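In the two complexes that follow, chain A is the common piece, with chain B as its partner first and chain C second.
Presenting the complex of A and B:
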């Protein structure tokens, strides 16, 4: 009990869950944010990966505990490990594979079955490949993502891990949502640009 | 009627010229539209429409102009991927009392947030239940034939003795309580299989390669020219949004759990080990098919007018008594029959040019007059057809004669309507 009190008084930890189909870049995003590195090669996540990152703001140290669930179906029995107690869940999809956006509905249902208190985020990955798509595809995917984000009441962010676009911003928006802080950051809403809708 | 080249030249400035504020490096030769060989016969069928704003309203950061090097600084993210976040990025207000333990206050804030989320979820569930119950008394429910006495090994002989021609052993029942997937067990399995990739599918990730122009086949001048066109490889755009990064030179700190020591149980969710999915919480799928729920809290921020409320977020009026599906929120899946097409890189053409042309092929912007042909054109088609028919009629002896006059009849019928 005392230990619990001590933790309550001397640290803040935010558990973040990364969810989505396989090969969309969940682990890459986590490693990029925590270690600043990016590896083009794909290494399949077997089970659940997790990493901690401490950040300092206003002389306060906040620990992000990031949990990443292997996207393969065989690991879905471990979903509660990632979703339970999470403050925010990043529902992630690959901006160049429409099927991964379609899957979000199912991921959302299953995750929310375990945790309805987590703040949902809709995160599109591989923005650097997305801009190579035809503009018509870009419009279709962006509009669908906006509809999903609206239905989920979730901020929408398009990011590129390899090019360091909107990676850090995801975690800043998490902070602002978790602690009701206004974030001084402009939204990006135009098709073709790295979408950032969070207000 | 203007020719395509005329139309293109009309919009030339918008595509290439100074009007987009593009600032090229010195000695850069810009391709002009008249340098391109765009013949009417070979070019794809696209249509140039008037200057239209297809983008959504512009954000503060984006002035609505195309992104250029000049406006790049507006987007540049000067924060580095670091362990420190500047407090000026957030407005703290009176959120936290400096005289009290900050960690305690922050943890308190997290608990409050959690509570608010929980209340929101409960409210939404309540609204969902209310809507579902209303649906259940809908007079337009479907009826289906249901066996009164289902035959089993036990009752077979018994029923044989009792049944006569007048025996009624069926009734029409409402099927609204049945699960949609009832009777589709196999289908469900198949459908689910395709929704998530299986282990067999895992292959190494395809790496993106831009066009490889190196090698003796191409001369350096072409490569240099292409490289000087700012958006040719989208480099400019990617650079623009790049967050500065700091590489940490230490070993990866990834921790991993590969197996559960014991199965996780949940009061609400049930694990279907056969189909590898968690079952339950179907009500959360409802939000993808219905207008967003509006909580009491949110209602305070909307204007009311009898049964209609104005939602400030979506900027539209919603009838609170209406049960109709809202098409906007009735989100069908994206069709994935073919993978998204990469934009065709026309050598020497700026990315913006490609964008500009492709936007015009979007159906929602197509004019309704596309299929209205002038009588002169129709006559011309008729003549061409007769000419070709005449030319090829003796090519194949004994070939089946094609009668396609009815096409014209159909057209006439449609046009007369």
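Presenting the complex of A and C:
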């Protein structure tokens, strides 16, 4: 993170890493956030994807450098590329596949080996599919996610890239956590709703 | 046995190239030499009769051959020395037996064999019928005509003879010149002041302020400036002893650089030099830290030196020496670099007369030459238009140098990129002139300039001078405790880094550095507050582009 003063414009750069099993929508989330578009087709990430998103707020330019690691195990050796110097790491899982949530444990362990200071986030994707699950499953997954989130001391966010639910909010919460700023946003904690726990 | 040692051996192949090389000649031998065992080679090298390694090899061959002829069973084919003819460069006509190896064009048509002496009648074991003939023939290489000529050595065109040679690269003057030049580059350690990456911190606290890290600060304070060790064993001197060609080329290269950093050695040199020793025509002339050396030694030392090619003249901390104007008359417009530091002898008149003779000076370093004043600097600005680097830094008599001359100089020499005015009596006006007149300025030293004020700092961030100092890399403001508002410097440094991608080095003394850090912190806090405010507005803006999940749930 660096701050620059040049001709009235202050610059802030943040590096964000996206980590998690394959086919849960890491690349989709990145593309959605940076370009605002969503594509149903699946394209496997080979290695690492990288995108920059600049946001100008009055005299400040915030640059998110988003690094997205392919979920296949063979790309684990590129993990340092994504996690080193990252301000925040999004540990992502598929809300409709419990196994992807369970893998978070291992991902977290791996990332912490390289970066001990990054702020962790627990992000569940495909909320739009999640609401079609049985209520029992929703309870189970939500509770499990809360348990993980507490253990990691990480904010928990359920999002839907295709329906633009909680996508922008993820990055706003990152900003509030990174600079320790107060966020006037209501938490969402009820099962079945897109969970938003960050306090 | 009448084998004459100077005659070519019968096994010599006739396909030999005679290459006229002025530095390599086959020598005339006598029996004494032949009887010298090969282990005396090195002695031969320096002797005047033997001038190339090739002839040495030949001698060895012959020596063996002689033994062979005397029925000592030695298999000569074992020896793979080059044969004489391979190295038989066109030689002096006064050969012991010039008829055998005539170098006159008339005999060119004769093959070597034809010109052989008739030896068959008096000895059964003639070279003709010895087993030597069965020696494997050599793979011949054609010697390419040298295309590049070094300035001093001229090769004659090779005669139109059949070529057969394995000429060593050490016999081609052009190549040898390159090789020895390389040796020179690698080993000649000019006694010059090394340029530090940054100045050494004054003390530990200062280092802490600069680096902000205890470990680095500790290292920076402990770092001792590497002392330049005089090199006593320069391989160039060994090169002198190899052979005539080596000697000629090496002495030519050595004579280009004249440098001493030790009075003892200088005295030795003076005692040895004379009209017959190597005549120096140096491009570089350096006397380094000869604090006590007297003028008469200097006069003696330059007596035999020609300064016609002089490009770089340096008297570094030799306070008692006065270089005569004659040197600079000789050097004329060749002189590019004039460094005379800490001299108690040179004055305004000296500098002005130099500027009349040497108009191409680019580097003028007159640190601690306290008798140089505004008067001469003003005058030289009329003549020295090519100046790139000037340094008039001094500890005493700073009042002698002021805006009056420096501004004139800045206006005359647009190419200046380095200016040293430490301890001078310059004011903000000079800084302003530098800003608007010198677009190429890279390094600026204004240490201990008591008349500078905060106004000069505002020049660095003034919107009107935003196009100035675009190349500035080093800025020194040590010992200017009168300065307060360093915020301009902080802003300028950030701008330089961000806009021009130059990591500006600002050298400050301890109290200024403390001020600088405090103000930097202040500025950072202000900027951070602004950023935080902006981000607060952003993250608490409800209209963020996300959809409302209620719509999805009610679908």
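As a convention for this text, the second predicted complex is superposed on the first by the 188 of 199 C-alpha atoms of A that agree within 3 Å, B and C clash if a C-alpha of one lies under 4 Å from a C-alpha of the other, contacts with A are read in each partner's own complex, and residues count from 1 in each chain.
Here is the rule we use: a contact is a pair of C-beta atoms (placed from the backbone, for glycine too) under 8 Å apart; a residue touches a chain by one contact, two chains touch by 3 or more.
Keep in mind that this is a model prediction, so the values were computed, not measured.
Taken together through their common chain A, the two structures put chain B and chain C in a clash. Judged by the touch definition given at the top, the superposed model places A:191 against chain B, while chain C stays out of reach.
Of the two partner chains placed around the shared chain by superposition, chain B is the only one that A:152 touches, whereas chain C remains out of contact. By the touch criterion defined above, A:21 lies against chain B but remains apart from chain C after alignment on the C-alpha atoms of chain A. Of the two partner chains placed by the overlay, only chain B lies in contact with A:117; chain C stays clear of it. In the superposed three-chain model, the partner touching more residues of chain A is B, compared with the other of chain B and chain C. When the two structures are aligned on the shared chain, A:181 is found in touch with chain B and with chain C. When the two structures are aligned on the shared chain, A:160 is found in touch with chain B and with chain C. When the two structures are aligned on the shared chain, A:172 is found in touch with chain B and with chain C.
In the overlay built on chain A, none of the stretches 21-29, 93-101, 255-263 or 363-371 of chain B clash with chain C except 93-101.
Comparing the two complexes, residues 10, 12, 36, 55, 57-60, 62, 127-128, 131, 160, 163-169, 172, 175-176, 179, 181-185, 188, 192-194 of chain A contact chain B in one case and chain C in the other.
Chain contact summary for the complex, chain B toward chain A: residues 54-62, 67, 77, 79, 81, 83-93, 95, 101-104, 106-107, 109-110, 113-115, 117-118, 121, 195-199, 201-202, 204-205, 207-208, 234, 237-238, 241-248, 250, 252-260, 263-264, 266, 268-269, 271, 273, 276-278, 280-282, 284-285, 287-288, 292, 314, 328-329, 331, 333-336, 339-344, 354-355, 358-359, 361-362.
Against chain A, the residues of chain C that register as touching in their complex are 491, 494-495, 498-499, 523-524, 527-528, 530-532, 534-540, 544-547, 549, 552-553. The touching residues of chain A, when paired with chain C in their complex, are 3-6, 10, 12, 36, 55, 57-60, 62, 127-128, 131, 160, 163-169, 172-173, 175-176, 179, 181-185, 188, 192-194.
Of all residues in chain A, those touching chain B in their complex are 8-12, 14, 21-23, 27, 30-37, 40-42, 44, 46-60, 62, 71-74, 76-81, 87, 96-99, 101-103, 105-106, 108-110, 112-114, 116-119, 127-129, 131-137, 139-141, 144, 147-148, 150-153, 160, 163-169, 172, 175-194.
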